[in-house]
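The structure under discussion is supplied below as structure tokens; questions concerning it will follow.
Residue numbering begins at 1 within each chain, and the chains themselves are lettered A, B, C, D, E and F in the order written.
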Amino acid sequence: MFTLLQIDADTMIRGLSISIVGIAIVFVALILISLFIAALPRLLSLVAGIFPEAEHARTSYARPDDSDDSEDIAAAIGFVLHTEFQRQLIENQLIQGRGH
Amino acid sequence: MEILVEFLKTTGFASMTWGNAIMIAIGVAFIILAIRKDYEPLLLVPIGMGAIVGNIPVIPGMALSVYDKGSVLQYLYFGVSQGIYPPLIFLGIGAMTDFSTMLSNPKLILLGAAAQVGVFLTFLGALLLGFSEAQSGAIGIIGGADGPTAIFLAAKLAPELLGAIAIAAYSYMALVPVIQPPIMRLLTTREERLIRMKPPRQVSKREKMIFPVAAFLIATLIAPGAVVLLGMLFFGNLLKESMVTERLAVTARTAMIDIVTMLLGFTVGASTQASTFLQRESLLIFALGAASFAIATAGGVLFAKFLNLFLTDKINPLVGAAGVSAVPDSARVVQMVGQQEDPHNFLLMHAMAPNVAGVVGSAIAAGVLWAVLAR
Amino acid sequence: MEILVEFLKTTGFASMTWGNAIMIAIGVAFIILAIRKDYEPLLLVPIGMGAIVGNIPVIPGMALSVYDKGSVLQYLYFGVSQGIYPPLIFLGIGAMTDFSTMLSNPKLILLGAAAQVGVFLTFLGALLLGFSEAQSGAIGIIGGADGPTAIFLAAKLAPELLGAIAIAAYSYMALVPVIQPPIMRLLTTREERLIRMKPPRQVSKREKMIFPVAAFLIATLIAPGAVVLLGMLFFGNLLKESMVTERLAVTARTAMIDIVTMLLGFTVGASTQASTFLQRESLLIFALGAASFAIATAGGVLFAKFLNLFLTDKINPLVGAAGVSAVPDSARVVQMVGQQEDPHNFLLMHAMAPNVAGVVGSAIAAGVLWAVLAR
Amino acid sequence: MFTLLQIDADTMIRGLSISIVGIAIVFVALILISLFIAALPRLLSLVAGIFPEAEHARTSYARPDDSDDSEDIAAAIGFVLHTEFQRQLIENQLIQGRGH
Amino acid sequence: MEILVEFLKTTGFASMTWGNAIMIAIGVAFIILAIRKDYEPLLLVPIGMGAIVGNIPVIPGMALSVYDKGSVLQYLYFGVSQGIYPPLIFLGIGAMTDFSTMLSNPKLILLGAAAQVGVFLTFLGALLLGFSEAQSGAIGIIGGADGPTAIFLAAKLAPELLGAIAIAAYSYMALVPVIQPPIMRLLTTREERLIRMKPPRQVSKREKMIFPVAAFLIATLIAPGAVVLLGMLFFGNLLKESMVTERLAVTARTAMIDIVTMLLGFTVGASTQASTFLQRESLLIFALGAASFAIATAGGVLFAKFLNLFLTDKINPLVGAAGVSAVPDSARVVQMVGQQEDPHNFLLMHAMAPNVAGVVGSAIAAGVLWAVLAR
Amino acid sequence: MFTLLQIDADTMIRGLSISIVGIAIVFVALILISLFIAALPRLLSLVAGIFPEAEHARTSYARPDDSDDSEDIAAAIGFVLHTEFQRQLIENQLIQGRGH
């Protein structure tokens, strides 16, 4: 074993076969994926309507436009301060958490 | 006092070997490389610290190392030795990967296939050097430039070489910015490196949702051996793109993958005990690994040039080098080498397509090798 | 080249059966249902993808499926087959559940008990159809409308039916908005559906702290078989309410439950291989499951009407339908059906009380069945 | 097996017994929990003082009232920007994190 | 109806023992202590709830307790019984611990060594009371005031005493604010308690990066038995300080440690079944544990006074009490006792140095005991 | 067993030896760590340059100084509101997440 280039021809032939089949399989699979992707927009326009397109309520909340008046500023600051307190709270807990 | 003598014999100084010292130095070097060069730090730091821990000489009677039955490290190493961690990492990677650029330019996927030539040529090389078929398959996959895939296949085909294969794979992934640029410059002309590519088109949410399921079916009906790795990769991606499972995707790409990464890196490092690791085989594996990275890079670049013979919208052949995967470092290298010729040429986005295709490609290659070579 | 032939025989196309194709289509349907209808997406997406993965035909010699010794999926499935994931999910649910509405109106708890009649009638039905006692117990618990409880009991009493029971339980939980409304309307008059209930009182922090410990002691001293499920559920709730372990509660209800949910859903899906899943038993289990959901809904509604005979503050009997658990979907269905009669009637908060009581109720029912039927 | 309605009477009687006992146990347990909850406020006023009521320092931080002056606005914005930078930093790390 | 009788025999009321009732009361007491006094709530709440769960009497035939083969709780307890959870907790602790104060004033490290005298004197005491050598070693480590270290060593040396040792260790860690102050006042003069110490110097990022690797090498080359605990502790700290693995450090000190803490605490609690826990040995272990905390505190304080004989910059001997570890409670106690004499004396930062050194010190002590006493 | 103080002298002598060796090992290890730390600043100035000192680009982003003008305020508030919406979104998902 480990004696360079002294392996028998059968092993190398089998190895070569595996390599050729192997790289061929990789190419076939990725070419098919590639073709599928290329065809996908057309497929979709055929079967339009099976999957939703940006119609989900949960993601379609609108950014409010009038975010400039003082009430919003106060709200924003309140939230920021709240967040900051939360953060400090968590940090305190982290320090405590040390005592495992 | 005999107790003192008895104890002194158990200290590390007493049984320290040169091999241990070398491995500890390599572990320290990994950490320094990660910190100073920022090369794959999320893996080099755990592996480096693991290598240090695994090479502290311990008392034969105590169950301490990853190879000792019932030791803590062996339980944690179970996820490596049984190939459990790699699919979980793929789950997290799937949940962070945006396949948009690949969907918008599907012909770039072929570059990710071409780079897998490195896998099979290295397989042949390993056979030539006298490794068994199964071992050669596991060594060849280093050319896939994907740590989890390499560990998974090595665990299945050649567990006795797992440490060396994993270290080789991650070392070269870390060294991508060193290995690839000279090869890329050697195989391309300046005119080719200056090619600008068209910006990718906008991909619809619907396409992104369908892609993981369809790609999984296509790939694994052809190569069922890849069912676990690709199943997890595309499961993660479906969690990301379905829009209704965002909280699962977030956990998969943060807490879950981080926990697995720490345990995988640390225990792979700890498995590099000098006595089992510093062997002639390991050196051969490192040599073959370097060759496979070089071949894979060349394969991607040359195939891009070959494709250009038929295309009107030419591909910048540098982009082919990203087909090795090593996500996202090799894509960054493409960007960097491209900008050295033309600072206004932004190849990163285009390079991401073969980059992620390379991940899929080497998982398929691993599936093929496993199916053919497993007893 | 025989290697090519050898390999082609291993491809999925060669060994694909009609059963596999049907199961893959079901998996895709689950994913579409989750995305389009938002029905239990956190479970239908993992289960759907798992079913696709589990039905790619693989080579007999390779350890790939959840049933193959030493395969990655079998290790991940271990948490299902040994009943480990369900209590962990209960830990997370406990850490997210606010029992306030239940504490403020304790008589609504009885609706959560009444709905368990579905469990025991289905148990009898399964016996009649010729299932063994243990199998019948595991099938009956589908009527509890709690996925983790169903998986836990099936793992203990009838592991051979686990896949079918889990899929039935989650399918019907997802279909609660389809199954329940007609039954609710059938069994109630318009006047009953218009009943408005008094707003719940404010519950003190102290009550919320004491509740998990006291409820655990009461329930498990009577039914010790529920000790693991309820122990974890109330442990999670104590972490939430104790005010001094907030960081643990946060992790339990985010990273921890997400990781377990992904693995549970995916491997349960992957366990639905056509060869073991597409059996006459599975169809019977699905039929019994549908019946059990209907009976449980009717049980809750009718018991609310029965209670109204004695109460001055009438209960809106729609609220009884939430006693099946399927948290929180059945409570939302109550709200929806109520608002169809009177858009200003807000039943959601009231429905949460029998909803969470139903979780406790079916865990107790599972404990009783396990204690009596385990050999 | 699986021949509808052909099981023996003993099995059905046993099954019926289990069902009746089972639903009874469920009701007894939940009725007891229900009664306990109903009695809890009275129990608590009896043994008042064993468990704390909103006395925990860590949760009783007050929302500041004067959250409107410019100093606070600056602080809030500073924190927001800091958070945003943190977010970007994390995103960068996520991108890097890809290289597993 | 015999089924009813059969079932009633399985209820908890039927087989409840006084021992179970006592243990449930202790569990409730732990929870109250955690909520009202804020003593180590992250451990006392899980342990308390676990003790309640573990003492619900269950039917002999059913696999429910941590000691029943194949039960869910046994699988979760596996991480305790095999010593897997403690190193993972050390990983998280390493990722949250800032060793700066220790690096800026290295002589304070010796106080963390001195406090380990409690470990070895308790070891001798346990031998005197008739415990075996291995048992005595496991009992002695209670004096290390580190729950994970105590559980780890008990799992390796005396699994039969693990429950009692773990409960004793965590109880006394929770009671540090009660146990330590009288001893500290007894052994110091008012002048000593008034000593103010110089503010610590600024420590460079580079020192913090080198420290975990160097300290690991020094400690484990001398005491290789500590390789797992210290390997994980310093791995976590390296993740924190390397600046390139922040995301791993964040997960280690949040989701990862939280999940392990919940499972460890809950299952350790559940292992305290009255029948195995309420033994004469447990009482002796509690007595020895109290003694070991007292001795360790005295050891730290007296050694600080001893050091002061040679130092010009005197150490406030109160700081020595923090050498027992019990991070960070004993450091807080030092601060509190110091401020009772002088409200403007801030000892907390100085006390953190021996505090974290005590963690390292008891891990080394555990390594020594394991190496010498393991068969 | 467990009969106080009746153990044989050999065991105690061995126990004493272990204790003395043990505490000595603890001291030796921590003294060496202590000495190493004390020497570290000097060692570092000798081999300066192997480890980086605060040179990492990723952590050295500057806090912008001019965070006071109205554009930034608007941006900050926008981000705050966005965060708040995200939070609500996550809460909704948590409620949904209940249906496990």
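Here is the rule we go by: a residue touches a chain if its C-beta (ideal position, glycine included) is under 8 Å from a C-beta of that chain, and two chains touch if they have at least 3 such contacts.
None of these values were measured; they are calculated from a predicted model.
Because subunit B and subunit C share one sequence, their contact can be compared position by position; here under half of the interface residue numbers appear on both sides. Each chain's centre was taken as the mean of its CA atoms, and the one lying most distant from subunit D is B. A separation of 17 Å divides the Cα centre of subunit C from that of subunit D. Subunit A and subunit D have Cα centroids separated by 30 Å. The distance from the centre of subunit C to the centre of subunit F, with each centre set as the mean of the Cα atoms, comes to 40 Å.
For subunit B, residues touching at least two other chains, in rising order: 3, 7, 35, 38, 41-42, 209, 222-223, 243-244, 247, 254-255, 261, 368, 372. Shared interface positions of subunit A, i.e. residues touching 2 or more other chains, are given as 14, 18, 20-21, 25, 51-52, 56, 58, 73, 76, 80, 83, 94, 97. Against subunit B, in their complex, subunit E makes its touches with residues 82-84, 87, 91, 209, 213, 216-217, 220-225, 227-228, 231, 234-235, 238-239, 242-245, 247-248, 250-252, 254-256, 368, 370-372, 374-375. Listed in rising order, the residues of subunit C touching subunit B in the complex are 3, 6-7, 10-13, 16, 24, 28, 31, 34-35, 38, 41-42, 45-46, 49-50, 52-53, 56-59, 61-62, 64, 70-73, 75-76, 254-255, 258-259, 261-262, 266, 270. Those residues of subunit D lying in contact with subunit C across their complex are 1-7, 11-12, 14-16, 18-23, 25-38, 40-41, 44, 51-54, 56, 58-59.
Contact residues of subunit C toward subunit D in the complex are 102-103, 106-107, 109-110, 112-113, 116-117, 119-121, 123-124, 127-131, 133, 136, 204-207, 209-211, 214-215, 218-219, 222-223, 243-244, 280-281, 284, 357, 360-361, 364-365, 368-369, 372-373.
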